[in-house]
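Each of the next two complexes has subunit A plus one other chain: subunit B in the first, subunit C in the second.
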Partner chain A sequence: MNSMQQIWDDANESKMSCEVLIIGSGAGGSPTAALLAEAGFDVLVVEEGRWVEQGTVAPFSLDQMEQQYRGGGVTVALGLPSIAYTEGRCAGGGTEVNSGLYRRPPTEVVERWRDRWDVRDLDPDELMKTATEVETDIHVTHLPGPASVPSQLLRQGADALGWKHDESPRWMTYPDGNPRHGQRQSMTRTYLPRAAKAGARILTQCRVNKINISHGKATYADISLANGQAGRISFKFVFVCGGAIQTPAILQRSGLRKNIGQTLAVHPTVKLSARFADAINVPDDVPVHQVKEFAPDLSFGGSASHAGLIALSLLDQWSDFKGAIEDWRNMAVYYAAITSEGRGRVMSVPGLVDPVVTYRLTARDRELLRSGLSRLSLLMLEAGATEVYPAFRGAPIVRGRKDLATLQKRFSANKASVMTVHLCSTVPLGENRDLCGAGSYGLVHETKNVYVNDASLLPDAPGVNPQASVMAIAVRNARHFIAQEKPHA
Partner chain B sequence: MALAPSLHSLVHSTAVTILQHDLPGLPEIVAQEVATFTVRRLGVLAAHMRLGVAAIALLVRLFASIAGQPRLLWLSKTHLPLLGEYFRLIRSLSYAYIWEKWPDTRSDGSPA
Partner chain C sequence: MPNNPTHLPLIITGAAGWLGRALSSHVAHNADGLGVSQLIALVRDSEEQALLQSSLPKDNNLDLRILIGDVTNTPDIDRLFASSSGAFDLVHTAGIIHPKKIADLFAVNETATKNVMQRALHRGARRVVHISSNSPFGNNPHTQDTFRADEPFNPYLAYGASKMGGEIAVQESVSQGLNAVIVRPPWFYGPFQPARQTTFFSMVKSGKFPVFGDGAQRRSMVFIDNLVDGVCRARAWEGEPGRGWWIADTQAYRVSEIVETVGRALTDEGHTVKKNRLRLPHLLGQVAETADGFIQRTGRYVQQVHVLGEMNKTIACDISSATHDLGYVPAVSLYEGMRRSIRWCAQQGIEL
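After this line comes the complex of A and B, so read on.
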């Protein structure tokens, strides 16, 4: 794949051109690139981050954050509380660094998007057929054997309480049949090689600063390379696929602002560490079981849990919790995620390279976080945890059900370490011009050739991991584009 | 990255002071390494966050030079917005680094 990175050097000039420019190589940009290249379009994919081969950095490590995340993994939506989030910044985007869990969007969610945002021809059955194709392409599958111990503990706790749970499939292959030896089928393993095979060019470490648009028609993008060299890429069509933060920022810098970046939706999460009598820690993987008893409002699952992340989860009440860190092999981190009714904003500010992001939780969100953390603590006790350490300032150590009342009493979202990895809805698609930044197939309103095709398009948070929704909609939109534009290409 | 040298002068000694207080068993040389790592990671934050961190760090350094180290430690336990988040950011990066690199470090920072 390294040859893909040589495009700009080979060009040896500050100007390039293509028929379709795709900005971003994540879950939206990569399938778009593959389908358009295979349909015969001249495609150029530009990616701000580097190409990092899988296996060259430890999963969920600080080294990975430095190499593959924006801002070294420290990015924050300002607010009370501020919400930490992460964005992949590498070839393949977030698909290279996330947990690889896969959930189709619930039918009722797709129907809600179609009806409330007036998304033309968004048929749930058709979208599920598209999802099935995606699942084949990226090898979505269940574990070939027993889940890890932290995952089984989630299931055991849910069983004891009679709560619904299931195993989330992942886009992985297991070459030797060992469930511990999964190989992530991310974009650098699937759609990007497909795009390259079909003739697409892929240029990494290339940042798009602005798209130049006149009378609704975009003609070229101003870019800069990692070495500081500036350049220009001219095109006939452009797809902005930089994710829910960078896509609206690029559009705003290009002068497009109506319903762009005003409705950021996330799944806020709060965490705890659970300590057991025996060694259960799995440093380099995440549990696949999720508890869905209270979905879509509340979901429970497991997080990456190496010793550094255990220390982080104990940090808010370190004076009382610090002793537990010496027992990190007996511990794992779990989360409660909510479907938020709050909204955030992405604002590109002149003079600043990065957009300012804000998010405001509603009173209902705060209560859900409180009840979520309490129920998750109960789940862990039922799973056999001897002690539970909720991640908020002033938290008690939960050793039994009697401590849950204290937890509930002391909890405040403002004292908690709230974070999210699911960001969407900053350029919602649909025909409702009061709500939507783009049309039913991603064409940005008021433009003739500027498309969005990533998580930004989801009208609101789906209540499940959004990657399946993002990919299915991206494939749907790419096919519509091919049907519309190929005859003229 | 242009701000990295000034961030170092603003944050490094504060980070070392906090680490030596929170984790009294942490060897001096390790505290220095951890603080260097923390400053380096602050240097790759988004531009507006980097500017915010630099501004708060400057105020904290001024406060420490006037009020002394014990007051700095008192200040580091504050939960005020922005100020509290500044100290939390230092601790987050530092603790994550320590226990990722040396997972058997004891809770007082001393080596296993």
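After this line comes the complex of A and C, so read on.
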């Protein structure tokens, strides 16, 4: 165990037990662990990845992808086009590696979830109060000073077009007041230490293969430990919080399939690199400004932009674009994300470690991606870009407005490098049994003690960075569980 | 409303066209208030000359000069601008939408626009208003999307490409010092309408207007008088050259709503209107669009196929910039505009 005593990765026991087993330590699992431990439950958190101290790997680096992402950051939802996605696989999950941008779910989105999926007692005002608490816990704040140049360029382009934009707050502290020296208040800095302090045990490098369920009641989980040894954890309750891909995969391996893994929702995203006359690149941070003129259908923002990622964004049309990489210090990567009508599937397949993931874009999605990439290109021209390199096969170099017509003519989603970092909705919550895999507070339908409490529960994609939605709903559900099982805690 | 300029000659190209006649008529009625000392109208032939004259009020005090010439003929353009000494304003409405052959689109909408702008620049135009279209920007990506004032080009077939060429020509002249702005009307309707618009009324009346799918596609529309108002405001605006505005109604309408409103207007004007039953699958619209593209690539043009291919698209635009900059607010509603259009047809003896 490490200095916190409750956090360890070298379990020797093949048989363990706890009152509440929490599988996964990301934005859903960590607050669940903290609240339940503080309410007096005997909590054991198991995390498939390692505990990586912040500061030991460079943010947005290839090293980080290797250490803290599933599959080294190379995971794909199959389809036409295939959609690359990333999943954090480390203590703290995605909160350790994402952009750190925080957006409350829009009220109309919460109302849509409540009404269409019949989510009992999902009150937007109450959820926003919960969000306020979370914001205090993880120090959601705006920059203490000017944004980075790539972020300001996004704002300038939007201003020139009269398009709405704003600065997204982040869960960061700025100890010396320098906006470049932010320390992300991820789960390993906030809820996980809080859970450990309240007595929760946190076991890393422990993979859950299957939960054993009989007549709707789960009793133990089959696990694999860091040393390759198989084991078993007995529990009274289990919370599956492995994220929108791993959670349905675990449930499916455990024999639960109804409305599980069938409605994956993402924000499909296309990218471009913009080249400017001056050096603007910031390799270790992402812009905080987002353009919301066309929200919720379309959002524009900035991506991680170190030299390797700029090269990656030029790869689709490398024969024409490769000369630009020499000038990477003058370049940054930007994205256009859409809310998608399409849906995907997560299917665990016997013999495969990871599930097969598919996603299908609709005709509207494809047109929105085209429109998004061209509107973003226009914005970059207005921001002063001398050249824009859209990321799709056959793309032109955009130097002026006339080239935008060529971009739109040549674009096809099938030729684009479509990716996403926002994955959700594989076990939607609610009472509508035709649509939902879990009840209004995350109890998996047809089970007595199997809960889901992560991004899987969001009925559909919120159209904004989803972490705030995930955390607010996780806290809401954890409190409901405590009130049900330990009303005097 | 921006202040009208001190009295200057106003040149209108395409003056015998739909918009040209409506604009000329408005100028003839309000020359003094608009600050127009003389109207110089370019028409293509004596037939158009008679048409324009018949559109103007009989008892106007307008100083009118009508020149016969073609914008595709450079000496004619030179003659047009030579007719005005000193400063002048120009509204360039000349354009072609339904040509005999595709090459005509580019000759009129692109090359002629370039020539007109260059000569306006060199002859010292005070202000130029170029009439463009929604076509350089194509269709909205989905039914709820709305074009903002500034959008990337995505031309719809050859007409869109030719009007895009026109806009680019205007912007190039602006970069050389021309004081030009652009007005972009979407689908407009109203008095002086050509025969194809009469067909529109007839189809609605007989219950045979093609509605694709559930009719949820949205279209921005503008009554011709509202458009003329927008053009006049753009002429008088004193802001930065190069600006463009959508001039349309405040909201875009669902196609089903347009058909219903036109049906109501026809009924209220005493016509018998059959319930519209012509629902077509989206696929047919796509087939028509593909066929239109194929035909246009051969250099030919079939109006019916073109119009059918466009009918299942959403073309919705946001007029808030025009309201903000120009004080433009559409004064005539869709229903009222349609009633006025129907009455105009009756006055002209046009059978619907």
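The working rule: the second predicted complex is superposed on the first by the 475 of 489 C-alpha atoms of A that agree within 3 Å, B and C clash if a C-alpha of one lies under 4 Å from a C-alpha of the other, contacts with A are read in each partner's own complex, and residues count from 1 in each chain.
Note that a contact is a pair of C-beta atoms (placed from the backbone, for glycine too) under 8 Å apart; a residue touches a chain by one contact, two chains touch by 3 or more.
Every value quoted in this text rests on a predicted model; they were computed, and no experiment measured them.
Student: Mind checking the superposed model to see whether subunit B and subunit C fit together on subunit A or clash?
Tutor: fit
Student: Residues of subunit A touched: more by subunit B or subunit C?
Tutor: Touching more residues of subunit A than the other partner does is B.
Student: With both complexes superposed on chain A, which partner does A:404 reach: first (subunit B), second (subunit C), both or neither?
Tutor: second
Student: Based on the superposed arrangement, let me know which partner A:129 touches: subunit B (first), subunit C (second), both, or neither?
Tutor: Neither subunit B nor subunit C is touched by A:129.
Student: With both complexes superposed on chain A, which partner does A:294 reach: first (subunit B), second (subunit C), both or neither?
Tutor: So A:294 only meets subunit C here.
Student: May I ask you to decide whether A:310 touches subunit B, subunit C, both, or neither, giving the answer as first, second, both or neither?
Tutor: first
Student: Figure out whether A:433 sits in contact with subunit B (first) or subunit C (second), or with both, or with neither.
Tutor: Neither subunit B nor subunit C is touched by A:433.
Student: Mind computing the angle subunit B to subunit A to subunit C from the CA centres, in steps of 10 degrees?
Tutor: The three centres form an angle at subunit A of 90 degrees.
Student: In the superposed arrangement, which partner chain does A:375 touch: subunit B (first), subunit C (second), both, or neither?
Tutor: Second partner only, subunit C.
Student: Figure out whether A:486 sits in contact with subunit B (first) or subunit C (second), or with both, or with neither.
Tutor: In the superposition, A:486 touches no partner, neither subunit B nor subunit C.
Student: Looking at A:162 after the superposition, I want to know if it touches subunit B, subunit C, both of them or none. Which is it: first, second, both, neither?
Tutor: The answer is second: A:162 touches subunit C but not subunit B.
Student: Taking the superposed arrangement, what is the smallest distance in Å from a C-alpha atom of subunit B to one of subunit C?
Tutor: Nearest C-alpha pair, subunit B versus subunit C: 25 Å apart.
Student: Between subunit B and subunit C, which residues of subunit A are contacted by each of them?
Tutor: After superposing on chain A, no subunit A residue contacts both subunit B and subunit C.
Student: Could you list, by residue number, the parts of subunit A that touch subunit C in their complex?
Tutor: Result: residues 161-163, 293-294, 297, 364, 367-368, 370-371, 374-375, 377-378, 401-402, 404-405, 407-409 of subunit A touch subunit C.
Student: Looking at the complex, which residues from subunit C come into contact with subunit A?
Tutor: Touching subunit A from subunit C are residues 138, 140-142, 144-145, 148-155, 161, 164, 168, 171, 321.
Student: Can you list the subunit A residues touching subunit B in their complex?
Tutor: Contact set of subunit A toward subunit B: 61-62, 66, 70-72, 74-76, 80, 82, 306-312, 315, 318, 322-326, 328, 349, 352-354, 356, 393, 415.
Student: In their shared complex, at which residues does subunit B touch subunit A?
Tutor: It comes out as residues 22, 41, 44-49, 79, 81, 85, 88-89, 91-93, 95-101, 103-108.
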